[in-house]
Amino acid sequence: MAAHHTEIKARRNRRWIIFSLLPAATLFIVLTAFPVINLLGLSFFHVEWREGAAQFSLVGLDNFTRLFTQEDIFWAGVRNNIIFAVVAVSCQMVLGFSMALAVKTAGSRGRAALTGIFLLPIIVPPIVIGTMWRLIMGREFGLANTVLGLVGLGPVDWLGNPDLALASVIFVDVWHWTPFVFLLMLAGLESLDGEVLEAARIDTSGRWQQIRHVVLPMMMPTIVITLLFRVILSFKVFDEVYLLTSGGPGTATEVVNFSIYRTFFRQDQVGYGAAMSVVTLFSITLVIILARAFVQRRAARRQAAA
Amino acid sequence: MSNVSLKGLKKSYGSVEVIPSLDLDIRSGEFVVLVGPSGSGKSTLLRMIAGLEAVNDGTVSVDGEDVTERDPGDRDMAMVFQSYALYPHMTVAENMTFALRMRGTGEATISKRLADALRMLSLEGLDQRKPGQLSGGQRQRVAMGRAIVRQPRVFLFDEPLSNLDAKLRARTRIELRGLHDKLGATSIFVTHDQIEAMTMADRIVLLDKGHIQQVGSPREIYEKPRNRFVASFIGSPEINLLEGDIRDEGGTIFFEQFALRGAWPDIQPGPYTLGVRPENFDISRAPLEGGVSLEVGAIEYTGSDTFVFGSSPLGELTVKIDADGQDMADGLRAGETLHVRPAAGAWHLFDASGSRVPEN
Amino acid sequence: MTRRSLGAVVANSIVWGYAFLILGPTLWVLSNAFKYKIDIITGATFSPFTWINFQELLFSRQSDFLMNLFNSAVIGVASTAIVIVIATMAAFTLVYLEVKPWVRWALLGWALLFHMLPNLTFVGSWYLMYSSVGLHGTYFAVIMTHAVQNLPMALFLMISFVGALPRELIQAARMDGCTYAQVFWRIVFPLVRGGMIAATALTFIFSWSDFAIALTLTSRDTMTVPVAIATFAQEYDIRYGEMAAGTLLSIMPALVLILIGQNFIVRGLLAGAVK
Amino acid sequence: MHEVFKRKAQRGAVRALAVALLMSAGAGAASAQDKPTVSMAINQSPWLNSFVAMVDQYEKETGNVVELDVSPFGGLLEKIRNSVRASEGSYDIVNVNSLWLSEIYSGGFLAPLADIKADYKLAEGVLSYGNTTNWDSSALTFSADGALLGVPVNGNVQVLYYNTEIYDRLGLQPPKTWEELAANAKKIQEGGENYGFVPRSARDSIVYNFTPYVFSHDAAFFRISGPNEAEVVINSPEGLKALETYVGIATEAGPPGPGNIAQGELIQLIATGKGGQAIAVIAAWGQLQDPNSSRVVGKINAALLPAGPGGTVASSAGHWVAGIPKNVAPEKQEAALAFLDWFAQKQQQVEYVRAGGVPVRGDITSADLGDDAAFGFIEAYSENAQHAVMGLPFANAAEASDAMALSFNRAVIGELTPTQALNQAAADLAGVLERAGFKVSRLPDL
């Protein structure tokens, strides 16, 4: 009887594993396998449209050699993107985490107000963010310079000055995406064990120590996953750059995704654009694998030491 | 009332063997405690019995019935977890009756068993609370109640007392053992706390690195530890273990300066480890024959007993002065010298491999 | 004591300063909805009030904004519901159940890989796929594409939230006789609500504000709000007022939700927190 | 307004409830039509309202329906590509910007209009904006000898805008040459309150805006020297003079930070009266004359672009051409052509201008429009339209433009000298031409 019951259960459990993974797997296979494979394949071709049909000519590694030997803008974009990722993501992480902490410890009324305010930027469509900030950062009539003018500063050419443009774009990105970090950090903080935090308040002297030695380590999983997202998304940054500066002046705010967009769409060089995507993809994958290995090795070393 | 039998159980994670191969028979109605240091595999073993961990090889049977492949929910075992694992979104009553509802037990039976369990555990009136609104002790009892209402063949306990404060823990030990006696079900209890093991168990199973070191009643384990590991693991403060040589001086067996009274005649000279529990010393202010001096380092007064930590020519020693010796303990100061020697027949010898000699 | 309260004052002013930095530009952007374009481009803070932008947005022949809002809502709600359910189920299975390692690696690895690629490079392929089966321009096409687009993020988020549940809770449920499915629906699902709310919020926002996919895969009848708003950023005439008006209307639901439902959200996060 | 509101609300509600229902209702309502409903991909734009008005009029006159699928400008190209490349297209008419014409033409996606209706020709008076309605598929360039592939639907060329108030105050005359433009700009700038000239030099539009300078200096980007042969000539002394003129005007008498001034900033500066002169498309006229978006209503005039040293005038073509894809049913193609032909007739074009559009004919005069001041642009438009040029008349124009844009932009922001910029641009352009299958020669570096 029980054995029979167990068999039914085992079958149901096997079915659940399939049932629970199948929708995700199906979505991926049906909707992403073709585009990704298509992209990988395209990177070895040069595509022209003639007589209403695409003519694919196999060019081997030409797209890649061209990318590595003749390309300037893309690599300027890579450099900017690395600066962008490091600066923007660090600011977002620090700000998002601090603000989540502030909200967590604020009184109920302040908490409601602050959460509401902090979440505002991500509900504004990116296209509006870009357009509006371009207006705000306008040299002549922009709100930013008006405000600076009130205290006797400026005007500053936020977007037209090549030395300042990237910083301005980073600022807008931080403004726009800190709420993302904030929300995840708040969710993470809320799920921390209240008793442990209580104990931490007793065991540590001062708020900073408590954060450094208790809250931070406990939040690590959330922090790592959020960091991963933000780093990846920061390499995908596009909307803001497109609408704020279109990569200029010069190559001051060129970023990888904008290069890919220009190559792919504006110039319709799908093969070359695919090669850029592939190179980007491999680089990020490599960085993630290396980072993972590094973290694991450090963890192993710490374990060995303990 | 069921017996549980484990045969050739194996468990490994990848290349790491957690339990190389293990046999154990647990008798019907018995309260067995699995004890061992962390990493000894005791929790893994319990989870294998429960069906929560897959078994690499071997069998788990209950009443002669092989349940190795059976779903955890179909083994008729109930488990109390270290963290209690109460469902935070359910009330006490819902927590306790969840398993019964899952197997479609009738409403009448459910409410009767719930009422019984609530009464038995003095949880009346709390049944509509959520776990978050309960104290630690109450949560522990709800976890117990959740197991009890199922009236399982086997109770499994995974360090269920470790989250309680010392006082509550002592009381709960007794309650839990009382409950076991009342229900008469087979219980398997995992702990790393040897006092829990000693006070509650019918039989103790001492594990280390996935191997059973010894199985026996608390008394057997305490008095006849099969090896160095068992001797040092059980007993608090820890047994004194001294390294040295045995020699025969005209019929008297000496371990270094100690005269081993009550020694058996055919003991072979050579290197051994001598184990003497703190309470098994003769203690005197005056020198003792076949004893050593002990320079008092620290003194711990527990009310009933006094423990003295000091250094002797043979090494650091812990000795206990019991109630009878309170006169001597009174006024004892650090820096003074006592004289000690093992009480007759109350010592243990372990050979180079750590096994007890003679084996018995 | 004095040092402490001084620190509190500094911390407080940083927090409210940041809040002001968020609020100021946002309010300014939204206030543009009620201004004439000339006042917007000259950066006027106080200026004559007008409804003209809303009239253009809602009633001009060129714009179908209520329809766009409806479309965005349908697509956002449906794709988010699909993503969250799928991701939570998969996360539970991947974290707690015995799945062949290659399945786990394939799924998560692919999710990460796909998440890293710019979606701009996919829309062409998607267009081809959908139009070849006659689904181009349908809700279905956009919903499914948004679902797959947001699935990696939701999956990783839910893995971290589901993974934060105590393993013993799952084991207790197994001991109590639950099948995997029952463990999921009766224990995991109710307990990861906090994480689900956060993931839902983010997924919905990503779907609501997506431009690239909606642009290519929607037709006139399924056009979403960001695409509609983008039509006001014209080649020779950026109609800031209408964009602001559109933005104001499009964030209204979220704004109301945040203002009124804020406590609910935080409490939801709290309730999901497992003690 | 009230009427409109009611109709709108109704439509929204019905659609929201059941899109399908409305579609069947719509099919029922258009019972008078004798041709199938045509679907057109078009972008949102300042003149869309006027185009919609024409579509409405067409529907009223003939009973035939043209459905407009309105996209943002930034997304229309993608939609067009997707549709014309598919085996069956979604659009019967695609509205192609001048920048994309060569790509769409060379891809062979559009049906020659003469194949749809035998011997179809553009009506007399319709502008071809430098033969951009015809494509020679053997020479891979625009040519009057090539097949007619489209009908212009919106004439949009660059004009010189100037602020008459500032001109009057300083006693300036509309410039005839680049030197005069620069001199005017200097005088305005010296006044201290206004910028002399607003250049549009952001990377994404600089090549388009540099083009009139190039061609008026009798230079060019490249020349087709034979079948599949091209010579890059942008790095000629004339080209250098053009770039020096461009950079000089942009940096000496204009707002700081010209490297990121795009059309939004340009129109902002002109509309607020801050900028004294600028070269921009005629499409900007409407908003400069609209009190809702402009402070200079009635104070802006348009003129012919300045001439180069040799007296040559050129204006970048920024018009739109409607093409009919091959991958739609013949009866749809016919219906599409019928509408386009109707639209290009003079009577309709006058209506179109009255409704706020920019005509595609060169024979519409102020008189036709009743000498209304609101249409004061029409003379300047017509003049400039005669001088419209396509700077990069080959299939990969977009790629070439994008590649050269960086060098010119860097010249404007001072990162490169004009000489360096031209040499780099020439090298980039040669690369693009080579990849496009041309045998390429180029002038030696400057």
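Note that the chains are named A, B, C and D in the order they appear, and that numbering of residues resets to 1 at the start of each chain.
Note that in this section a contact is a pair of C-beta atoms (placed from the backbone, for glycine too) under 8 Å apart; a residue touches a chain by one contact, two chains touch by 3 or more.
If you're wondering where the values come from, they're calculated on a predicted model, not measured in any experiment.
Peer 1: Which chains contact both chain A and chain C?
Peer 2: Joint contacts, listed by label: B, D.
Peer 1: Taking a step as a move to a touching chain, how many steps at least join chain C to chain D?
Peer 2: 1
Peer 1: Hey, which chain ends up farthest from chain D, C-alpha centres compared?
Peer 2: So the chain farthest away from chain D turns out to be B.
Peer 1: Please indicate the chain closest to the centre of the assembly, with centres calculated from CA atoms only.
Peer 2: Going by the distance between chain centres and the overall C-alpha centre, it is A.
Peer 1: Which chain pair has the highest count of C-beta pairs that touch?
Peer 2: Top-ranked chain pair by contacting C-beta pairs: A-C.
Peer 1: Can you check how far apart chain B and chain D are, centre to centre, with Cα atoms defining each centre and the answer in Å?
Peer 2: The separation of the two C-alpha centroids amounts to 88 Å.
Peer 1: Would you kindly tell me how far, in whole Å, the mean C-alpha position of chain B lies from that of chain A?
Peer 2: Roughly 52 Å, centre to centre.
Peer 1: Where the CA atoms of chain A average out and where those of chain D average out, how many Å apart are those spots?
Peer 2: 36
Peer 1: Hey, what residues on chain B touch two or more of the other chains?
Peer 2: Answer for chain B, listing residues that touch two or more other chains: 71, 73-74.
Peer 1: Specify, in ascending order, the residues of chain D that touch 2 or more different other chains.
Peer 2: 78, 81, 264, 268, 272
Peer 1: Of all the residues in chain A, which ones touch at least 2 other chains?
Peer 2: In chain A, 9, 13, 135, 138, 141, 265 touch at least two other chains.
Peer 1: With touch defined as at the top, which chains are paired up in contact here?
Peer 2: A-B, A-C, A-D, B-C, C-D
Peer 1: If we count contacts the way the header does, which residues on chain D are in touch with chain A in the complex?
Peer 2: Against chain A, the touching part of chain D is residues 77-78, 81, 84-85, 103, 106-109, 202-204, 255-262, 264-265, 268-269, 272, 274, 326-327, 395-396, 398-399, 402-403, 406, 409-410, 412-413, 415, 431, 435.
Peer 1: Using the touch definition from the top, list the residues of chain B that touch chain C in their complex.
Peer 2: 47, 50-52, 54, 71-74, 77-79, 81-83, 85-89, 98-99, 102-103, 131-132, 146, 158
Peer 1: For chain C, which residues are in contact with chain D within the complex?
Peer 2: 36-38, 41-42, 52, 55, 58-62, 64, 66-67, 70, 123-124, 127-128, 131-132, 136-137, 215-216, 219-221, 227, 230-238
Peer 1: Which residues of chain A touch chain C in their complex?
Peer 2: These residues of chain A touch chain C: 9, 12-13, 16-17, 19-21, 23-25, 27-28, 31-32, 34-36, 38-39, 95, 98-99, 102, 106, 108, 111-128, 131-133, 135-136, 138, 141-143, 146, 175, 180, 183-184, 186-187, 190-195, 207, 221-222, 225, 228-229, 232, 235-236, 238-239, 243, 257, 260-261, 264-265, 270, 273-274, 277, 280-281, 284-285, 288.
Peer 1: Within the complex, which stretch of chain B touches chain A?
Peer 2: Listed in rising order, the residues of chain B that touch chain A are 69-71, 73-74, 76.
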